[in-house]
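Please go over the structures that come below.
Same chain, two partners: subunit A is paired with subunit B first, then with subunit C.
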Partner chain A sequence: MSVYIFHVLIMMGIYAILALSLNIIVGFAGLVSLGHAAFFGIGAYVSGLLMINGLGFPAAFFLSGIITSLLGLCLALPSLRVKDDYLAIVTLGFGIIIGLVFLNLEITGGADGLVGIPPVSLMGKPLYSKPGFFGLVAGVLVVMIVTMYTLKQSKIGRAWAAIRDNDVSAAFMGINVYGYKTMAFITSSFWAGLAGSLYAHYTAYINPHTFNMHTSIMVLSMVVLGGIGSITGSILGAVLLILLPEILRPLADYQDIFYGALLVAMMIFRPQGIMGRVKITEMFGRKK
Partner chain B sequence: MLQAQGISKHFMGIQALCDVSIEVLGGEILGVIGPNGAGKTTLFNVLTGLFFPDTGTLTLQGRQITRLKPHRRVKLGMARTFQNLEIFRDMSVLENVMVGGHIRLKAGYWCSMLSTSGKRCEERLLKEEAFALLELLGIADKAPQPAVSLSYGNQRRVEIARALISKPAIIFLDEPAAGMNPRETQELSGLIARLKSSLQLTVVIIEHDMNLIMDICNRIVVMTEGKVLMSGTPNQIRSDQRVLDAYLGGDIL
Partner chain C sequence: MLQVRNLHIYYGQIQAVKGASLHVKPGEIVALIGGNGAGKSTILRAISGIVKSTSGSILLSDTEISSLPPERILKNGIGHVPEGRRLFRGLTVHDNLMLGAYSRNDSARIKNDIETMELLFPILGKRRKQLAGTLSGGEQQMLAMARTLMARPRMLLLDEPSMGLAPIITSQIYEKIGLLNKNEGLSILLVEQNAKLALKLAHRGYVIETGRVVMEGPTSELRESNEIQRAYLGKGYREVWE
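Our next item is the complex of A and B:
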């Protein structure tokens, strides 16, 4: 039983990191991304492949974050020239392309996925215990929350908020709008990559299905449900959307209906999410 | 200080600016007046970089800035306010002003993330400065309020404070007195004149309130239909028949 509880806690932690990372793009900078699972996947595959090929854990972990953030940069440079709905389509396309790449490359194992990913090892000792792994996830999550909080309170957080609010005005405050949007993508994809790395070493097996659009939408739902821009909200969103399917397990066939109904109800009765201030409708509507 | 030479700009066949040349001298208050649709705000938008001109050149303190992005012009000492209030709606009054101080903060990405003592120190200093500016503009008591909750007149004050905190050399005020009552307008003219002398500011101002314009401007540029009709001192403008015909209607003054 306690093994099961720790399994759920670990999944909550990993998805909380992923939701928080998306919140940097969506909540802090006010952009849209419908392809976030791609970054999650890139982190997972990079870390898995690096460790299969003999690299140690901390190195593979950080490299997966760095390589994912480089891909975030590659996505940001062309796609941030468009905004709002157009950016949503571009990121959606990016997610689909990366999914197809995972599916078709030899090195990623195609549809079979990547098998036999080594477990996390710290100081030479493999970490098999679930509470131990949960401790690692929680540690990463805490570091992330602290850095997100300090960023939010700094000129960078204010610049993102200014861009989200009114990007014309932001430029006249001396803010390099394009640069700061790119910075949001890089920061976000770095943490999404780390979440992917944790996921890969936890499950020991990954396949392209985990990183498809369904996941992108689910992570976006966590952010929206919790409240766009709110750090606590994203964590709460991840906890809820991981917990619900577990609780609703007896109703397995109806799970998606319930899940969909919850989101619809949320949009009608509390569009700003559980914690947040920004309504999702304003993300598209208010910009002039 | 700022030279604009032969600036033209058209939108979908409408000629908004046609061969406009103006020069802003260092330390002066230059008024830009003219009937609605004369191209005053378009001129501001070209001077501050929201649009690039179709033809013509802009020089700021000897530097070519014709096609420089707005955020880089801010670093060269330009700041502006907007005719249609462009405050940050999700932020408090104080946060609005602090965003204006963006370029004055040195801390980069890592210092911001690690919240180093240097970063916290410069943030604190900027916050104090923001408070001081709000006090100068008479809205310090509203600092923690959401900026949208303020009246139009006070939102204009927030925009002025937000522009001033970047320590500009030249500031563009687009109808700063709109939405203010006569008493507030008078306070504003006093304030602009004081700021100009205490901060050695160069001010370019669009305003429909003739009392304010005539009170504080050293020189005035009159625009009609996308062209400069004439420029001169308030007294020259007041007595020029062309200006009266084009715009003032003879009996206003």
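Our next item is the complex of A and C:
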């Protein structure tokens, strides 16, 4: 039983990192991305392949983030010349292309996927225990949350807020709009790559099916459900959307209907997301 | 201070500016007047780097700036108050001012400058925590100007500060523009549809028609010109606003 609970907790943690990373693009910089699963997948495959080929865990982990962020840069450079609906379509296309690449490359194992990914090893010892792995995921998540809060308060965060509110005015204020949008994609894909790496070493087996459009939409739902731009919201969104299928499991074949209906109801009755504009620090802080 | 020479600007296939030349001396207010679509705003946008010119040169204190990105031009001292204000409507008045100072790194003096702005435009101090989108038109124009001034420019490009404002508010805004010029020695390049107002405040003026400068001179001369009286001032119209 506790193994199952830790499995769910680990998935929540990984998806929370993924949702937070997407929140940098969607919530902080006010852009759209419908291909976020591609970055998740790139991180997973890169990390898996590096470790299969003999690299140690910490190195494979960081390299997966760095290589994914380079691909984020490759996506950002051409696609950030368009915005809004057009950017949505470009990122959607990117997601589909990367999915097809996973499916057709020899090195990724094609449709069979990548088998035999070594487990995480820290200080020479493989980490098999689920609570241990959860500790690792939670650690990465905490570092990420701190990074996100720091980013939000920083000069970069203010530039993103300006671009989100009005990108033309931001240019008038001397903000390099294109540069900061690109930076949002790079930062976001870096963390998505790390989430992918954790996922790959946790499941020990990955296939292209995990990184398709369905995942992209699900991660976006986590961000929107939690409240766009809210750090706490993205985490809550991930917790909820991972937890729901588990709770709804007794409904068997009807599970997806309830899942969908809940999402629709949520958007009707609380369109701003769970957290909305409220910050958790304000909720527990002083009250007037 | 600023010299624009033989400027050509295209929007795709359409030529918006066809060889315009003009200059602004230090401490001068210069007005660009002309009808809709004459290319006035486009010239300002080219100066601040938001729009790239096809050919021609833009010199700021003898430095070519036409190939620089907007953030560099702002750092060189040209601030642009865009047409229609373009505030960060979802952010507070204070945040808007802070973003105006984005190009600066001296946070101690930025705080000081915000106080200066709140003295210059007292309404901004009262509305500090309010979202910019909830301000009235005149307050928004003041915020737009204060926001650009937060970058400490040597020269201000003002695009239609009177747009959509009641005459009494417009005259308040113009009073502030005059003060900024007189007290701070700020050079100002002003684009205005309201030719009467602009020609009253500015020292010199240019008349722009279909992307070309068709007339230029001291505003005292322009006001007397028959052509301008006919086309832009409404000849024989009694100036009741004075």
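Operating definition for what follows: the second predicted complex is superposed on the first by the 277 of 288 C-alpha atoms of A that agree within 3 Å, B and C clash if a C-alpha of one lies under 4 Å from a C-alpha of the other, contacts with A are read in each partner's own complex, and residues count from 1 in each chain.
Basically, a residue touches a chain if its C-beta (ideal position, glycine included) is under 8 Å from a C-beta of that chain, and two chains touch if they have at least 3 such contacts.
Please read these numbers as outputs of a predicted model, since none were measured by experiment.
**Student:** Overlaying the two complexes on subunit A, which is it for subunit B and subunit C: clash or fit?
**Tutor:** On the shared subunit A, the partners clash.
**Student:** So, does A:S129 touch the first partner subunit B, the second partner subunit C, both, or neither?
**Tutor:** A:S129 contacts neither subunit B nor subunit C.
**Student:** Can A:Q153 be said to touch subunit B (first), subunit C (second), both, or neither?
**Tutor:** After superposition on chain A, A:Q153 lies in contact with subunit B alone.
**Student:** Touch test for A:T232: subunit B only (first), subunit C only (second), both, or neither?
**Tutor:** After superposing on A, A:T232 lies clear of both subunit B and subunit C.
**Student:** Please work out whether A:M183 is in contact with subunit B alone, subunit C alone, both, or neither, and reply first, second, both or neither.
**Tutor:** first
**Student:** Of subunit B and subunit C, which one contacts the greater number of residues in subunit A?
**Tutor:** Result: the larger residue contact count on subunit A belongs to B.
**Student:** Which subunit A residues are contacted by subunit C in one complex and by subunit B in the other?
**Tutor:** Residues common to the subunit A contacts of subunit C and of subunit B are 155, 158-159, 161-162, 165-166, 168-176, listed in rising order.
**Student:** So in the complex, the part of subunit A that touches subunit B is made up of which residues?
**Tutor:** The contact residues of subunit A facing subunit B are 147, 150-151, 153-159, 161-162, 164-166, 168-177, 183, 277-278.
**Student:** Provide the residue numbers of subunit A that touch subunit C in the complex, in ascending order.
**Tutor:** 155, 158-159, 161-162, 165-166, 168-176
**Student:** Mind pulling up the subunit C residues that touch subunit A in the complex?
**Tutor:** 48, 50, 69-71, 74-75, 80, 82, 86-91, 95, 98-100, 102-103, 147-148, 151
**Student:** In their shared complex, at which residues does subunit B touch subunit A?
**Tutor:** Within the complex, subunit B contacts subunit A at residues 48, 50, 69-71, 74-75, 79-80, 82, 86-91, 95, 98-100, 102-103, 105, 107, 109, 112-115, 119, 123, 162, 166.
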